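Pasting a structure below so you can have a look.
For reference, chains read A, B, C, D, E and F in written order, and residue numbers begin at 1 within each chain.
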Amino acid sequence: MDGNEIQGAPGLSTPASRLVPEPAAPVAAPRNVAQSSPEATAPIHRRRTARPKSRPVPLLERVLERLIHILAYTAVAAMILIFVFVAKEALPLLTSPEIHEEVTLAKMWFIQHWPGYDAPEHVWQPVSEIPKYGVWPLLVGTLKVTIIAMLVAVPLSVAAAVFVSQYAGQRTREIVKPAIEFLAGIPSVVLGFFALIVMASWFQEVFGFDSRLNAVVAGVALSFAVIPIVFTVCEEALGAVPPSYVEASVALGAARWQTITKVVLPAAAPGIAASVALGLGRAFGETMIVLMASGNAAILSANPAESVRTLSATIAAELAEVVFGGPHYTVLFALAVLLFLITFGINFAGDYTIMRMKRRMGVAA
Amino acid sequence: MSTSIATAQPLDTPAGNLTVSDLSVFYGGKKALGPVSMNIPGKQVTALIGPSGCGKSTFLRSLNRMNELIPGCRVEGVVKLDDEPIYGSSVDAVAVRRRIGMVFQKSNPFPKSIFENVAYGLRIGGLRERSELGGRVESALRHAALWEEVKERLHESALGLSGGQQQRLCIARALAVEPDVILMDEPASALDPIATAHIEELIHELAREYTVVIVTHNMQQAARVSHHTAFFYMGDLVEFDRTQVIFTKPSQSKTEDYVTGRFG
Amino acid sequence: MSTSIATAQPLDTPAGNLTVSDLSVFYGGKKALGPVSMNIPGKQVTALIGPSGCGKSTFLRSLNRMNELIPGCRVEGVVKLDDEPIYGSSVDAVAVRRRIGMVFQKSNPFPKSIFENVAYGLRIGGLRERSELGGRVESALRHAALWEEVKERLHESALGLSGGQQQRLCIARALAVEPDVILMDEPASALDPIATAHIEELIHELAREYTVVIVTHNMQQAARVSHHTAFFYMGDLVEFDRTQVIFTKPSQSKTEDYVTGRFG
Amino acid sequence: MFGREHTDREYEHELRQLREQLLVMGSRVESIIGESIKALMERDTVVAERTIAADKVVDRMEVELDGLCLQILARRQPVASDLRFITLVLKVVTDLERIADLGVNICERVLELNAEPQLKPYVDLPHMGREVQSMLREVLDAFVAKDAERARKIIEKDVVVDALYGQVFRELLTFMMEDAHNVYRATRLQSIAKYLERMADHTTNLAEMVIFMVDGQDVRHLSSRETPAGSNDGN
Amino acid sequence: MFGREHTDREYEHELRQLREQLLVMGSRVESIIGESIKALMERDTVVAERTIAADKVVDRMEVELDGLCLQILARRQPVASDLRFITLVLKVVTDLERIADLGVNICERVLELNAEPQLKPYVDLPHMGREVQSMLREVLDAFVAKDAERARKIIEKDVVVDALYGQVFRELLTFMMEDAHNVYRATRLQSIAKYLERMADHTTNLAEMVIFMVDGQDVRHLSSRETPAGSNDGN
Amino acid sequence: MSRYSLRASRRPRLGDAVLWLATGCATLLVLVVLAIIVIDVLRHGTPRLTLGFLTQSPTDGMTAGGIFPAIFGTVALVLLMTVAALPVGVATAIYLHEYANPTGLPTRLVRIAVNNLAGVPSIVFGLFGLGFFVQFAGGGIDKLFFGGDKVYGQPALVWAALTMAVLTLPVVIVATEEALAAVSPDVRLASAALGATKFQTITRVVLPQAVPGMLTGAILAVSRGAGEVAPLLFTGAAYYLPALPHTLHDQFMQLGYHVYVLATQSPDVDATRPLLYATVLVLLALTFALNASAVWVRSRMRKRIASSHA
């Protein structure tokens, strides 16, 4: 039947009787009608006159679809531009001889023996007679604040997420979730303000810190910014654990806490990891809180009670007063590149871990 | 429309025969459906049965080019509605789908009013006049045996209907654009026996005016509802015959084994 | 356990009879299930049938206190496993569920390995020894007719199994804690005929050692698989009898109408 | 709540068709009985031959009804009363067809008898025929009305036919012993009586099936109908 | 791919049970035929009475098998060959039960005959009996082997039995015409011959059913068996 | 066979008590911190919050007067930012979710970009705004149209807004995509099967259902934009500017920046403290209002989706 239309038609060796189930089956009779060039017949006919007319030429559709397609690449463009334009300003650090007179990458990273100092030291002191651009005090400061913030935020927010998603009743949930979302909405400058004006004094009274503004104050304040992020993502991940897992576990005679620790938390692990990664990125790059609450002293020390100066705060505090295109300006942009790369790394590592966890659990497969 | 005349159908309603010749479907280069050739007779119910993954849904979707929505899916062979190839280069997939409608396993009404659900296909087809819309919506709902149940609440949300009613609404929505063929992929598998009985009854009624092709996992349902039954196995069409024959005296032993429950 | 002796069961395996007396279930004050009394015989398959919303699942879930997970659900009446009331004030719901296991409509293996899925119930019960765990897991998988298919891949993810295998895994998981009763809520409704046949076969096997109570929408399945059938309608138990009687000569005309497909 | 009609009207239609066809077959068989008695009484060869031909239709209907039952069983998975009804039909048609065959046999004997002069005036034979015919009519009515009581009454009537048969048989035996010339015709008449007796037995079968369909109770072999009291006297 | 056994072993088991029970019933009926012939030949009242009692078992088996079929139909929704098999059983048991009844009838006539001296040596009657018995055995074998060819051969054998019947009938007619004293016994023997002829008819029915089960082809009423060539000479 | 008694064993109950208590305390602690902040701000902020404070400019070296320019600047900034970010964000989300092949390279690129954009520290955006918008774009415009005069080539409202738009772009994209994903795929299939083109399906079926989600995205973006300070430091926020901005290339005051300035650079901390608290209160009220409306819109959307699954 119509064998000439189809490639490899000889393969049609099935008896015709099997194809035509009933002798009376109304098979299209005049086969010879549509033979000549089978693929190029007229478009499908309309049946009844009352049928809607054929669609208008979708010019507008085409244009809009094109536009959507183009706009979709804005994010990619922005990403590239951010890197390019920040890196461009930092580039002289590698290439410009003028700037090399004052600062080099090596001077920034390796320990230096500065005039007037007893021993070699990492020092960040860009505005002095001999500008010193040692980045380690900034880096360590950033790490200190970040670690403190995460240590406070992660247990609290994961626990709160477990409580809200597993134990809390409908009414409790309806109070806690918007409240924490409200916390998320508090601008960081307000948190910074609160840390600076209120918290710092309290902490000093309670813990007897030497410097009112220090890594602990900044870290704890920072954790207030991180908690809602971690909580929200965690809570979502816990809520997304299929209720059927819980049912299955309960039906096997597991108590609530067993179900949570053995089924719900493992199943939500990728989401929890994602929340931590997100929170970490936020803590690392957060500017205003640390700018206001950390004391901004670039001291290289492990002591959390001392003032610290972070990468982001350094840029924010110093860029406004530097000579445009000068060595300090270039170094600050280099710090921005560093910040950018580190957050990029955190993001990437986070994504990768989550992907692997998901695959291990057979979700992505 | 010469064929419709030749087969003594009234001039204004085409026969609705589907002729499938050497149809193969590939997903990303892997063949999922062997070359299948069959003539699906018009104005009858044809059931597709077979074990999971044998290609029933794939076959069904290739009858109205819905598989083109699946990335990496490729189709070879010829499918003709009456005498027009639906995969012709000058044939618009959108036009094909207006003549070959589809109903899915899970009822999927739009979150709009009952009226707007049924009117949707007409509106996107460019119909604007209120009065005609109203008439066509009513007629589609009547066809789907739903009119009496919903006529008082046409402008309420379709999501307020029961499962069985929603599925009939989806059928009405497909009927509104006046297709020749209606494809159904397990249309009653999510429903309880009572709603299922109503849908089956409706399918039977529809076969007066439409060609109906239905995929079902429920062999008893295929037996009850269809005039012809096609048994697929591992991507091949094993047997296609009158339902009565398939369920009393199939000619292939594979079919016999499957319908009698000898799955090995 | 005096009854088990009285009914001439071997001493070490309880009869597994469920005695339901005047059981009513309310959702937020609204009654969903009228007072139901029935004796579900041990080591047999009892099927619950009836139209959607008639309270089959509600009844089933009240047999192992799973309904306590639903906020606002209240139960009245007495359910006894052999001679112990399961709603007694000093009875722990967790303990009840270890003796009355449950399998759900959609297979729901944990996203863990096959082994860990089956071992789960044992681990939470406090079993630690590797060797005993292994033995009990194997025995449960054998009972569920899955051992041969998975023994080579016990430590692969359970989510890699096919739908039917997943459902059998869920049954194995329920068996591992050695319950007396297994409740199943439409365990095969999401499966194709072949997987369904395997599950049905398995259910039959299970009835040698366990009391099985199964909810099904598929009357034919109830007919095939069960020894006794209970027909529920609008929250009431209309008829409860041997399956053979229900499907050849029910005593209630409502039952007759339902099983013969006269849904009105 | 539920209606008494199947939700699936197609199914309902098939069942109704089955019922109607069965009744048509029953009435054809009934008329074959009547015609064969008529042919006997009126010594009418034409009627006898016409009746023999009519049996072909009944044969065809049996095959058709069986096919319809098989189809419904395969496609509809009937249970409970529907299932009992369909299996009933499967068995009923066999009996009906057999009754029609017996009617044909009567006509065959009539043809043979018509070649000879009449042995004696027939009194009990037409009585038997009427009895059997009314039993069949009754059983069909009971079937339509789903009336088990009525069906039970029919079973009781079988005794009457058996008694008549014993009487006819002995009477004809006497004829044969009196005169060897009577033997040929008397044996023919004995056969006819036997056929009528068998018809009544088959009708009793039908009545039992109606009881089974309505009550779901199998009453076969409870009475000792197969070896009725009067049968010692003849057969 | 698929096996030849049902995935549901319980179902498979039920079908096998049905098949086996049917064979048991068949062999019981076969032995009833043999015994009744033996009772006739040896004028053995004890055997005759034992055989009459044995029929009760066959009756019970019929009811049981019918119930089993109904149960399988209700619970398993069989289709295709399984369905044909089960509807076959529904019809087969009726014929088997009837054959057993005819055996009982033979025994009843034997009891009557044993009260009188033997009319003549029996030659053709035992021959008929053996034929019928072998036909039944053959048909049960064909059923087990699902052998439609063998079943077709059985149908052909029916002609032989019909011919024998005609012969016996005419012979006995002669006896009766010769001597009125022979009439009582001769009519008894005629009945026995008739019973055997009917048994062969029923066996032919069974053969047709086997053909239907195997080939799905309804061969009833295709041959003109119901009014066989030799029947003009007797009945 | 070992049988379990139906009698209760106490062990599971203890585990539940411990876990409940621990997680409950954590939740309570978070709520307490929030309450402390809010109460502190309310207690110290309300007394100073007058109509004049909201409508006047700062005076006396910002130790007196109001914050009207800052409010105005914040609103202007946020509006401009939304106008820039919303269309792009929605278009990107539609592309990602409706058009792109989910496994294709373009999609992966866009997704990586969006993810990382969301993770870039806000201060880096500030530098980017300075480098790209102020110097490159602004400078370019000046060179082309103003003969090298510094008109656009300096920190300005428009550059701050655009910088902020890039910063909030991921928020809009993620929220919109979530809203699109919440539209069940079945409905799309149904539309296609009725002979709708992809565009018709999107505009008539998908977008109407996704609008609340997109709105949520917009509001969250606005709220974020209203509170961010770091990117403004170098792109247009002014320390003190009694006049309102009236062109796009003017500098402007902003609430958050104002708080920062008052808190850290005020010569007389005690004098500014009441003012500072009141400003914080205004800023907090603004973001609270925005967030609350987002929550409201979203809960309405959830209800709609929930009912569509019923």
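We take it that a contact is a pair of C-beta atoms (placed from the backbone, for glycine too) under 8 Å apart; a residue touches a chain by one contact, two chains touch by 3 or more.
Computed from a prediction, not measured in an experiment: that's the story for all the values here.
Colleague: How many links in the shortest chain of touching chains run from chain C to chain D?
Modeller: 1
Colleague: What is the set of chains touching both chain C and chain F?
Modeller: Intersection of chain C and chain F contact lists gives A, B.
Colleague: Top contact pair of chains, counted by C-beta pairs?
Modeller: So the chains sharing the most C-beta contacts are A-F.
Colleague: Taking the mean of the C-alpha atoms as each chain's centre, how many Å separate chain A from chain C?
Modeller: Computed from C-alpha means, the inter-chain centre distance equals 45 Å.
Colleague: Using mean CA coordinates as chain centres, what's the gap between chain C and chain E in Å?
Modeller: It comes to 49 Å between the two C-alpha centres.
Colleague: Taking each chain's centre as its mean C-alpha position, how far apart are chain D and chain E in Å?
Modeller: 21
Colleague: Listing for chain D: what residues touch at least two other chains?
Modeller: If we look for residues of chain D contacting two or more partner chains, we find 7-8, 11, 70, 74, 77-80, 83-84.
Colleague: Mark out which residues of chain C touch at least two other chains, giving numbers and ranges.
Modeller: Answer for chain C, listing residues that touch two or more other chains: 94-96, 98, 125, 194, 197-198, 219-220, 223, 247-248, 258, 261, 263.
Colleague: Could you pull out the residues of chain A that touch at least 2 other chains?
Modeller: Residues 55, 253, 255, 258 of chain A touch two or more partner chains.
Colleague: Considering only the defined contacts, which chain C positions touch chain D in the complex?
Modeller: Residues 219-220, 223, 233, 246-250, 254, 256-264 of chain C touch chain D in their complex.
Colleague: Under the stated contact criterion, what part of chain B meets chain D in this complex?
Modeller: That would be residues 194, 197-198, 200-201, 204, 220, 223-224, 243-244, 247-248 of chain B.
Colleague: Please output the residues of chain E touching chain C within their complex, sorted ascending.
Modeller: 7-11, 70-71, 74-77
Colleague: How about chain E: which of its residues touch chain D in the complex?
Modeller: It is residues 52, 56, 59-60, 62-63, 66-67, 69-70, 73-74, 77-80, 83-84, 87, 90-91, 94, 101, 104-105, 108-109, 112, 173, 176-178, 180-181, 183-184, 187, 190-191, 194, 218, 220-221, 226-227, 231-232, 235 of chain E that touch chain D.
Colleague: Give every residue of chain C touching chain B within the complex, in rising order.
Modeller: 51-52, 163, 191-195, 197-198, 217-220, 258, 261, 263
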